[in-house]
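The structures come next, written out as structure tokens.
Look for chain A in each of the two complexes below; its partner is chain B in the first and chain C in the second.
On to the complex of A and B.
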């Protein structure tokens, strides 16, 4: 059952890719291929010969939106503004498309610059289980797309009980500090979380800034904690909860806990969900004069 | 409680209202705790959350961010942005183990010398009550807490990703 859906989506990607490239509508397709050890990895297709290497299954965890800006620029598409034709096609799940919306809102990309091969998403797998955040997901069809691959699956979303966040909240401040110290202690500062994140596109990250040097280079918990807390804050109202960061983390730090906490507070304070609509500014980029906020 | 504990508090005050309010407290000879170290900034909207976290990382026991009352910002809307940012940051810092009581956001106008003194006194009392800040990433749990933490960690490891 699951395999049929995957094959249908994969075939859809190939058929569309073939057509887009042969008609010259796009110069690059961002998709997935199978790596030498069998794992799925990102792939860039520039000509029709590469099309048959494109694959898709429910372990394609990378959020390909991280590559979009670079590929659009490489195809000669300028920054947002003007209306160049679609130049890059991207395979995108509903959460990935919300990340595109974040970039579009922030002026990093124009809608016309991407051709979205949207996936009607059955949820991603970790081993043989559907990942927890996918089971909770209510969005099976992307908010926008140029082609929809697969049938919108009839899956009842699990209720989100926020148990994981509540367990941390139930601790005292000192215990929470200790909890996070223990988690961040493992961080090797590889920044894979940042590199895997479509929202982290700064050319110069505060983590590498040397003047002023906000974070030291020491391999100590305070520096690591500083980085992760600031990164979570920079993603406030922007994180689309694709879990690419947590997937990329070689040390299994529960990064999504930070992002989920933030997403819930953003929802509670400002009634906002990241990436739902490119025309609605994220909560920290706007304000209402008359609002009452707990300080 | 450590009775010798004198909290170190970093205050980010906007140039146009709160800094002048602190000045007013001084010229009016209003007493307030000497625990606060004041940093003058152009606007409360200029206070990047980075600065607040940096203060905590460098060992501040408490942080005050003060600006013009909503509607009175010299630049029109800087404090509205600050208000949103810190409403969120408050909750988030608490989640990572920095007591919400260690951070205070408030509005002090240039005429409110007494109010400035009161805000500083309240924050100092609160931070004194909370005790010395352990430092980012330096949280050390008691044995009982450690046991509780092991349970949480175990539960997290058992959860599906």
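On to the complex of A and C.
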């Protein structure tokens, strides 16, 4: 069953990609290919000959939105002389489109610069199990798309009881510190989480700024904890729960716990889910004269 | 040669813990890592490769190389002493070769890196042969092998009846004196050397392909994180900075730290005034390979890659060094 859905989506991607490239509607397609060891990885197609390398299955975990701004830039940026902007097509699940939405709201990208090959998402797999964040996901169809691939699956989302966050919250401050110290002890400060995150697009990350030097260069728990907590704060109301950071982490640190804690705060304060609505701007990037924080 | 049982090996390792820091493959949550152990029961004896190389025990992620303390007008300076003699158990042949590559860069040509050199001198290496090449391993393409004992003090080969013990250095002979075993005629089991092989071009041929569009294509998916460089047994770049640890009225304490850095970071090559001669992601990824396969052999006499495959394991974007080398070999 799962295999059929995957093949249908994959075929849909190829048909659309072929068309887009042959008509010159986009200059580049960001999708997935099978790497030399069988694992899925990001790939970039520029001509029709590359189309048959495009694949899709439920282990395509990378959030390809991290590549969009670069590719749009490489296509000429689309702001010259009133000409229609050259576009980039991207294979995007509902969570990826939420990330696109965040970037659009933050002025990093214009909607017309991307052609969204939206996936009607059956949820991603870890082994033979659907991943927990996918079981909770209420969006089987992206908030916007230019083509929808696959049939919207009839899957009842699990209620999000925030149990994982509640378990950490139930610990005393000392126990929480000990928990995260143990997790961050293994962190190698490789920044794979940040680099895989579509929301982390600063030219210069605070973690690497020299003047002022916010964080020391040491790879020790305090520096690493500072980095991760800072990143979680900067993603409050912006993290789309795609889990690209956790997938990228070579040391398997449960980073999404931090992001979910912040997502819950934003949810409770503003009733807002990051990127969940194409028309609603993110609360931390807007200001209303009459607003009152329920703090 | 001596053959020792797993039990004898465990008892011997437990005895070593009394006067050494014993470092061995240990499970840390979902990962297998070289870590200090307090009991041989913590050690994982059957494994493929650890997620990270053991280089941090010679070249720590963070090292205090100078401490300065000022109280009133008194200034004291010094450097921290080493914690003690180390023994690494379960080192793979590729990792011993990785240390030899680091030696070539950091010790063999003066001035030696004193911090690396003193840890290297204070560490005994007990190797454990791989029965075969694991997925992603390509040591035989770079002159190594799954049962290569080069650089070890002691080498162990697992056979049907126990571990064959080959003492190689004087330090190794002394270490294994306390290891119980039966003297046996014959040879330890040879490992299966078949598996992935890739052609590696000589450094001069790399030079000629520096400006090839290949590097741009290759780097498209690279996220510019530091994972490959930090998992690598031979990457050894670092940053140095003085940081204030404590300060109060009439009292200042400063540490000079050196910490791992990565040539894949945009900030790595940035110089005073803000200029960056390697601003592009593709230039940085290319540099990593040129450092290993072109600059190191030309400048220090050895390729700085041992084929351990860790960079393939940790890359979040699926960049595969074997594919990179094969692609380069296929270029005109």
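Observations on the structure shown:
Here is the rule we go by: the second predicted complex is superposed on the first by the 275 of 295 C-alpha atoms of A that agree within 3 Å, B and C clash if a C-alpha of one lies under 4 Å from a C-alpha of the other, contacts with A are read in each partner's own complex, and residues count from 1 in each chain.
Methods note: a residue touches a chain if its C-beta (ideal position, glycine included) is under 8 Å from a C-beta of that chain, and two chains touch if they have at least 3 such contacts.
No experiment lies behind these values; they were computed from the predicted model shown.
Of the two partner chains, chain B is the only one that A:284 touches; chain C does not reach it. Put chain B and chain C next to each other and count what each touches on chain A; the higher total goes to B. By the document's definition of touching, of the two partners only chain B reaches A:131; chain C does not. Using the contact criterion defined above for the overlaid structures, shared-chain residue A:62 touches chain C, although it does not reach chain B. In the superposed model, A:3 lies in contact with neither chain B nor chain C.
Of the two partner chains, chain C is the only one touched by A:192; chain B is not.
Legend: residue contacts after superposition of the two complexes on their common chain; A:262 is shown touching chain B, with no touch to chain C. Judged by the touch definition given at the top, the superposed model places A:232 against chain B, while chain C stays out of reach. Contacts of A:220 after superposition on the shared chain: both chain B and chain C are touched. When the shared chain is aligned, chain B comes close enough to touch A:178, but chain C does not. Comparing the two complexes, residues 220, 247 of chain A contact chain B in one case and chain C in the other.
Interface residues of chain B, counted against chain A in their complex, comprise 49-50, 53-54, 57, 70-71, 77, 80-81, 83-99, 104-106, 134-141, 145-146, 148-149, 152-153, 155-156, 159-161. Chain A contributes residues 126, 129, 131-132, 164, 167-169, 171-182, 184-185, 206, 214, 220-226, 229-230, 232-233, 236, 243, 246-247, 254, 257-258, 261-262, 265-266, 269-270, 283-284, 287-289, 291, 293-295 to its touches with chain B in the complex.
Residues 35-37, 39-44, 62, 66-67, 186, 188-192, 194-196, 204, 208, 210, 213, 216-220, 247-252 of chain A are the ones touching chain C in the complex. Those residues of chain C whose C-beta lies close enough to touch chain A in the complex are 28-31, 33, 51-52, 61-62, 135-136, 220-221, 223-227, 230-231, 239, 241, 243, 257, 259-262, 265, 267, 312-314, 316-318, 320, 322-323.
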